[in-house]
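Below you'll find the structure, written out as structure tokens, and then a few comments.
Labels run A, B, C and D following the written order; every chain starts at residue 1.
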Amino acid sequence: MKEDTVSELVRIQHEDFSIDSEVKRVMASSRGIGGVTIFLGAARDFSKGESITGLDFEHYPGMAEKKLLDIRERALKNFDIIEMSIVHRVGKIDIGENIVLIVAASAHRNDAFMACEWAITELKRTTPIWKRETTQKGDVWVSQTP
Amino acid sequence: MKEDTVSELVRIQHEDFSIDSEVKRVMASSRGIGGVTIFLGAARDFSKGESITGLDFEHYPGMAEKKLLDIRERALKNFDIIEMSIVHRVGKIDIGENIVLIVAASAHRNDAFMACEWAITELKRTTPIWKRETTQKGDVWVSQTP
Amino acid sequence: MVTVKFFAMLKTLAKSEGKQYEISSPITVGELKELIKKDFPALAGLIDSRSLLVSVNQEFATRTTVVKDGDEVGFLPPFSGG
Amino acid sequence: MVTVKFFAMLKTLAKSEGKQYEISSPITVGELKELIKKDFPALAGLIDSRSLLVSVNQEFATRTTVVKDGDEVGFLPPFSGG
């Protein structure tokens, strides 16, 4: 696959994304795709007993992108999937807005489910991205997400 | 939840659907949604060694809708999710097109993954919908999907 | 009157969407199947298959479920939605 | 020159995005941490924490990883993306 296609499939960006567009991009890779599992992370208004009014994400430019590319490559190697895309937003994000999208496409659904769940867990574990929550007590860096 | 909101969340229709719109509809139910797992079933060009050029879905009107509503209700009862929507298309569907969409939304991602995977399995098991594949040997009713 | 509905492969084989049966008293699904086999010989093999499901008034039923006047009975080949 | 970068909570505590260090010969990540603790006392508690990860040239590193002239070293609080 061409370099620039991969860089469209794996991105860190400020702007919101469209799930339909991302799925279309992934579907374009093969007519053999029968199951697509998608995980969307969204900004919720409540965390660990605190009411949240907004989020702000920071990343390590360069390293974060590298880690996401690495997750895609390992997913393609370790699961029976056809394609995967990963998009993570940074900057200020309001409650209810999109944060992260993972699209895993395969011939059969089991593989797509497994790869998608693995990828979001791996993203949280290995990708240098940090969330700051705006609460009534002020802005708080979140040191771990489940 | 009002009757007509539920009938928007669970539908059988000929027209294509937009994943973004369906997700928006589900997200509108709560600002506490943090994880959304989505399964999209798409028409692939290959099945059990046969090359497929198109699909045609038939359903049992009334009963199929009832079974989908029942899946949503049981998912809300048995998993820690906030909302679920299910949309299944019927009629002629071209290769690469959308067939079915399940959106499971929860505070945390594990519950959304479990509910979504359970719901698509349950849909295939209990919902009176049938697929006819157009192959080089003619039109063939599919008697079981994995 | 009992409304019998065929779907998918059954509809294709029977070359019919179903049939209405006048019954003088309630009968079982099993008894209804015998009537159908007489009217639609092409369905004889499939209609007794274990993988064929039956619904009465859009709820799953068994061979011994009783069918009354006004009921709708669906004969459902294995599903392939999703 | 070694480029040290702070992120998230570390950046807030240090009130700095990082610092450049002139080193005459290669040093370990552990030795670099000692230099940083002197320059940024506010980081003293966190920088030795087990949950703090360190990267050298954008790859995960350990206390004993060697840092050479031209390297970029990131100090990474626990991630909270996703």
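FYI, a residue touches a chain if its C-beta (ideal position, glycine included) is under 8 Å from a C-beta of that chain, and two chains touch if they have at least 3 such contacts.
All values derive from a computational prediction rather than experimental measurement.
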| item | value |
| --- | --- |
| Partner chains that chain A and chain C have in common | B |
| Relative to chain B, chain with the most remote C-alpha centre | D |
| Centroid distance [mean C-alpha coordinates] between chain D and chain C, Å | 73 |
| Inter-centroid spacing, chain D versus chain B (mean Cα positions, whole Å) | 48 |
| Geometric centre distance via CA averages, chain B-chain A, whole Å | 23 |
| Centroid distance [mean C-alpha coordinates] between chain C and chain B, Å | 26 |
| Residues of chain A engaged with two or more neighbouring chains | 41, 120 |
| Contacts with two or more other chains, residues of chain C listed in rising order | none |
| Chain-to-chain touches, reported pairwise for every pair that qualifies | A-B, A-D, B-C |
| List of chain C residues in touch with chain B within their complex | 5, 7-9, 12, 51, 55, 58, 74, 76-82 |
| Residues of chain B that touch chain C when the two form their complex | 41, 57-60, 62-64, 66, 88, 99-100, 120, 123-132, 141-145 |
| Interfacial residue positions of chain B with respect to chain A in the complex | 18-20, 23, 27, 31-46, 95-96, 107-109, 112-113, 116-117, 120, 146 |
